[in-house]
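Chain lettering (A, B, C and D) follows the sequence in which the chains are written, and residue indices restart at 1 in each chain.
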Amino acid sequence: MTVTIGLLGAGRIGLTHARTLANLPAARLAAIAEPSDAAAEAVTDLTEARRAEVGEIMADRAIDAVIIATPTDLHAAQVEQAARAGKVIFCEKPIDLDAARVRACLEVVGDTDTRLMIGFNRRFDSEFQALKQRIAAGAIGDIETIHLISRDHAPPPIAFVERSGGIFRDMMIHDLDMARFLMGEEFVEVFATGSVLIDPKIGAAGDLDTAAATLKTASGRIAVITANRRATYGHDQRAEVHGSKGMIAIANQRATSVTVADAGGYHRDPLLPTFTDRYAEAYRSEMTAFVDAVASGSPLSPDGEDGLRALELADAALRSSETGMTVRL
Amino acid sequence: MTVTIGLLGAGRIGLTHARTLANLPAARLAAIAEPSDAAAEAVTDLTEARRAEVGEIMADRAIDAVIIATPTDLHAAQVEQAARAGKVIFCEKPIDLDAARVRACLEVVGDTDTRLMIGFNRRFDSEFQALKQRIAAGAIGDIETIHLISRDHAPPPIAFVERSGGIFRDMMIHDLDMARFLMGEEFVEVFATGSVLIDPKIGAAGDLDTAAATLKTASGRIAVITANRRATYGHDQRAEVHGSKGMIAIANQRATSVTVADAGGYHRDPLLPTFTDRYAEAYRSEMTAFVDAVASGSPLSPDGEDGLRALELADAALRSSETGMTVRL
Amino acid sequence: MTVTIGLLGAGRIGLTHARTLANLPAARLAAIAEPSDAAAEAVTDLTEARRAEVGEIMADRAIDAVIIATPTDLHAAQVEQAARAGKVIFCEKPIDLDAARVRACLEVVGDTDTRLMIGFNRRFDSEFQALKQRIAAGAIGDIETIHLISRDHAPPPIAFVERSGGIFRDMMIHDLDMARFLMGEEFVEVFATGSVLIDPKIGAAGDLDTAAATLKTASGRIAVITANRRATYGHDQRAEVHGSKGMIAIANQRATSVTVADAGGYHRDPLLPTFTDRYAEAYRSEMTAFVDAVASGSPLSPDGEDGLRALELADAALRSSETGMTVRL
Amino acid sequence: MTVTIGLLGAGRIGLTHARTLANLPAARLAAIAEPSDAAAEAVTDLTEARRAEVGEIMADRAIDAVIIATPTDLHAAQVEQAARAGKVIFCEKPIDLDAARVRACLEVVGDTDTRLMIGFNRRFDSEFQALKQRIAAGAIGDIETIHLISRDHAPPPIAFVERSGGIFRDMMIHDLDMARFLMGEEFVEVFATGSVLIDPKIGAAGDLDTAAATLKTASGRIAVITANRRATYGHDQRAEVHGSKGMIAIANQRATSVTVADAGGYHRDPLLPTFTDRYAEAYRSEMTAFVDAVASGSPLSPDGEDGLRALELADAALRSSETGMTVRL
C-alpha cells in the first residue's frame, strides 16, 4: 500500500520530511500547504506534491495522513482538524506550549478513531535506539541512574528564545522525553535549576541558557540532565546509563575518525555543528517509521501521551527552577 | 543533463550500482544485460531499465555510458567493445588479471575518444577521502611512511580463491591502489612475502592467506601493507600516514558508539562484517562521481592507468613473494 | 631540613603514609602511636619509628609534625592536642562528622600558630591536578558547569555504613571538595536527592546508596555530582568541566591500555577496583606536599577551612535530600 | 638475602639503575666504577656506594653482582672479566656491535658457572608484559602477524649516529627483540629496507633514519616493524598482534587522560618525549627482576643468547637493506 500524505508547513523541518518522502517508495506526498511561495516551491520541485490550502488537504479523501510542521501555535488546532477529518497524524513537538491545551487536543483526538505520532526524532537515532535495545536486552541489569548531556553549538536568535517557551520546554524537552524513553518508568519528582551564563540577552528575554535537572521515579531511579545553549566544539549529545550489572554509554557521532598528531598533540575535528546534521539519519528513520506504521496500521510511537508527559516534566522543571523546590507529579 | 546508462552484469555489485542509480536524479538506468533471469529482474524491479543483450546496449545511441560489472574474464573485451561504441565506461576492477591484456585494452581505449573509470571504491570512502585531503592540505608535512592494515572477516570460498588471481591481485590490490592514491608518488620497489596460516585449502589452491608488502618510491618514501584473509572481529581496514610534521590516522567505521562496561570489563561491538557493509556509502559516492563526471565531461578518476599500475604492483608483489627478492619497477 | 614526624594510627591509610615517608629523604618517621601490636609493627618494620603513646609524641620536642590517621571520632581532640603542642598537623578527613565540632576545633587551631592540612587526597592526583591547571591556564574560558561521576566498586560493610555519617558525608564529600577545588568560587545553593537501589540493608542503616547533587555558586555556575556505592566494572571516577571556550575532561586511569578484539567484539579490562589502587600515587604526592610545606614553612592546602566547607556542603546535601528543597548557604 | 652490587658506569642509564637500587631493600649498591668525578658523585650521593676501580670491584668477594652500564665498546671485555670473577652480570645491550665478538664473549660466560642478563628494558614494561601474558593465556589463539611501530621523538646527535651501529643495531634491535619475545618462535627470514628522509647528515654518516623490516618464522608467522628516528608528537611505540582468534593491541602510555575540546576540535597532549620518560617504570621493574633473580638463584631473562639473536636479526636486516634480498638465518 502506498500512503498518500499532505504536508502542512515547508520550513526547515517540513522540507526535511518532504525530502525523505521523495525517496520512500511506500509514500506519496500529494499536497503541500505553505503560505510562502519559495518554501512551497522547494517542496513541489522535489516531489509530485501539488500546492493546496490546509482545508483542501483535510477534505481530500485520497489523503491518508498529514504531517504537521507549521509554527507551534498552529499545531493543536491542526491536530484537531486532522483528527476530525480522519487523517493519521504526525505532529512536530510540541502540540502546544500549554499543557492544558495539549490535554484538550488529545481528548479531541481520543474521541476519533485516528492515531497521532509526535516528532521526538531522537528516539529514532541509531545510537539511542541501540542504547534502548541493549538496556532492554539486560546488558546492564536494572537501571539506577541515567546521565544526559545536551549542548547546542550556538544559542538560537533572541527572537526565537522569546517565543520558545524557554530552555526546559524548547530544548531540554528532548532530553526529558529521552529520559522517559530509556527509563521505562514514569518520573514522579522533578528538581531543576538554571542560570544565565552565556548571554544576558537570553536572561532579559526571561529565559535561562544553562540548566540542570534531576528526576526520580517512584522506585527511586534517578536521571540527571544538563543543558547548555552553547558549546564551542559543536552539537554535543551524550547518554550514559548505569545499572545493577554495569554501565552503557553512547558517544557523539562524528563526520570522520581522522586523528592528527603533531607537535601540539593529538587532534580530532569538532563535533557536527547542528542537530539537523547530527540527526539527519534519525529524521529519515522517523518518517519511515511513520509511513510504515500508517501502511500497516500498527500503533504509532511516540504518541500524544508521550508529548504531554514530556511537556509536563518541562513545566515541572521550570516551576522547580523558580521555587527551589522539588515538584511532585 | 540526465546520463543514460546501460548496466552489464547484475550480480552483487551490479545490483548495488543499480540501487544507487535508482536514487540519482541525474542518472537513468535504461538497460540491463544479465544472463540470469532472477538477477536481471532484481534490477528491472528496482528501476525502469529494460532487459537487453550486451550488443544491443552497445548499439543503442541513446545510452551514454556503460557500467561493467560482469565476471572479470569478460571485462577487457567489454571495455574494448564499449570504447569502440563511444560509451563512457565504468569498469569494476580489475580490467584483467593479466597486465599485458590490460595494456592492450587500454591501447584500444586510448585510440578512441572515450573515457574509462575503474571501480576502486575505497577511494570514495569518506574516511579515506578525508585522509587524502588532510595530507594534501599539509597536516603532516611530507609523507615518510604509510601503514595499511587490511583484514577480511572470513576467507572467500575456495572456488573463488582458485580463480581470483591470488591474495595480491584480488585483495591487496585495493591497498596497493590506496597506497598510490595516498602517496602521490609512484612506487619503484616492491617486496612482499606471505604464508598459509588460516586454511591449508587456500594453500592447496595455490594462494596465500596472510601477506605483507613493503613498497618504496624513488625518493625513499615507504609503504607497509599487511593483509589477512580472516579476522574474527570483522572487516578491519585502517590507515596511518607518518610525515615530517606529524601523523594522521583513520580508524574503522562502526555501526554505533555503544560501550558497555560490566564485571568483565569494557566492551564494544565487533566491526562491520563485510566490505559491502563497510563501503556501502563509498559505492554510492563512487557511482555519483561517475555520473557527475559523465554529465559534466570532467576527467574520470581512478582511470585505466590507475587500474594497470595497481595490477603491476600486485604482480610485482607476487613475484617478490616467490623469489624473496625486491622487484624493481 | 629533615621533617621529624609522629604518626597516630596505623590502619590502612596510616600504613600507606608510613610507606611513603619511608621513601622520602626529607622526612623521618620518629614515632607511631597505635593500640594494635600487629598494626604498629607493620610500621616499625618499615621505618625507624619507635612505638609511643599519643601523649609522648605530643610532648616530644624533636617531633615537628603529626599525621592523624586514627578513627574519625578521635580526630578533633587530637588535632586540638597537637595544635596546643605546636605541631604542624596533617589530619585525615573529616575532622569530625559534626560541623559544630569542626568549627570549635578550628578555633582552637586558629588560636595557635600552627598549620593544619586535611587529607583530601584526590586533589593530589595527577589527573585532577592537570584538570585544575588547564582550567587555571584558560583552556576552557569561564567555567559554566562541572560534572563529577563517582562510583565505588563495592559498597562498604554495613557496620561501616552505620557510623560513616552517610553517603554525603562519607563518600560524596570528596566530590564536594573537588567541585569547590575546580570551581574556585563557593557554592551558595545545594540540592540533593538519593535512593536505596543497591542494598536494602543500606537503607535499613539509615543511609542511601545512590545519590545526586546539584550545586550553584552566587554567579550561577553549576556543579552536578552523582554517587553510586557499587559499579560492577570497578572504581569509576570521572570529571568534565564545561566553559565559555570549551570543555575539558579526564577519564579513569587504567592498569594497561590492552585492547583485545575477538568474535565477541572489542574488550578492555575493568577499572582498578579500589580507591587505594586508583589513588596510590596521589597519596604519595599528598604526603610529599605535606612534608615539603612543613620543611619550607609554606601554607598548607587543603586546610581546615576546606575540610569544614566540604562538610557543610555534605550536611546541606543531606538536608536537601530529606526535605526536597534547595538549601541556601 | 641482600644482594651486594657493583656498578660499572654512571652515565644516564647507570644513574637510573643506581636510583632504583637505592630504593630496593633487597639490594645494596656497594661500589661504583666511573671515570668522571661528577657522574660518580651523583651515585655516591644517592647511595652508600664507595668509588672503586673496575678491577677492585671484580676482586671484591663481597660483591655478588655487577651491572655494566659503560660505553658499548667496553661491554664484552667487562662481561668476560666479571664472568671469570664469578659475578652475576647485568649488561646493557648490546654486548658488542659485532656478532662474532658477542659469540666469543658468550663462550667465555658459558665456560663459567655464572649467569648473564641483557638490558632489553622494554620486556619489563607493564604494557608489553600484559600483551605477552594475554597472548600466552590464549586471548588471540595462534599468532599470525605482529605489528610494531617505533618512533623516536628526535634523532640522536650525528656523533652518536656515527658510532651507533646504525638504525637496525641501535634502534630497531629493541623491536627485533620484542618481536622474538612476543612471537615465541625464532625468525628464519629477514627482509628490510630503509631511507634517509629526515636528515641528510644521517645519510652522510652512513645510516638510515626511516626503516621497515618484515620477518618470518619457519611456520610462516610474520612480523612487520617500522622505525622512524623522528616523530613530532613524542616517543611513539605501539604493538598489535593478530591471531587465529582475534587481535590484541597496546597503545602509548600518556602522562594524563586530559582531553580538551574547543572551537578547533578535540585535543590531547603529545606523547611522552623520550624512552627514559616512557620506560621509567620498566627500568625499575627490570632492575627489581635482576636483583630478585640473583637473590633467588632463578634463571635470568633475557639472557646472552637473547642479546645475540636480536643482534643477528639486526645484522640480517642491515644486509637485506643493502642487497634488496631476503636474508635466511
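Some observations on this one:
Throughout what follows, a residue touches a chain if its C-beta (ideal position, glycine included) is under 8 Å from a C-beta of that chain, and two chains touch if they have at least 3 such contacts.
Here the structure is a predicted model, which means the values were calculated and not measured.
Comparing the centres of all chains, each the average of its CA atoms, the largest separation from subunit D belongs to A.
Of the two chain pairs examined here, B-C and B-D, the one linked by more C-beta pairs in contact is B-D. Between subunit B and subunit D the centroid-to-centroid distance comes to 42 Å (mean Cα coordinates, whole Å). Distance between chain centres (mean CA atoms), subunit A to subunit B: 40 Å. The centroid of the Cα atoms in subunit B and the matching centroid in subunit C are 58 Å apart.
Touching of two or more other chains is recorded for residues 231-233, 245-247, 261-263 of subunit B.
Chain contact summary for the complex, subunit B toward subunit D: residues 142, 144-145, 147, 149, 151, 189, 191, 193-198, 210, 212, 214, 216, 219-222, 224, 226, 228, 231-233, 236, 240, 242, 244-247, 324-326, 328. Those residues of subunit C lying in contact with subunit B across their complex are 231-233, 261-271. Across the interface of their complex, subunit D is touched by residues 23, 126-127, 130-131, 134, 139-140, 245-253, 255-263 of subunit C.
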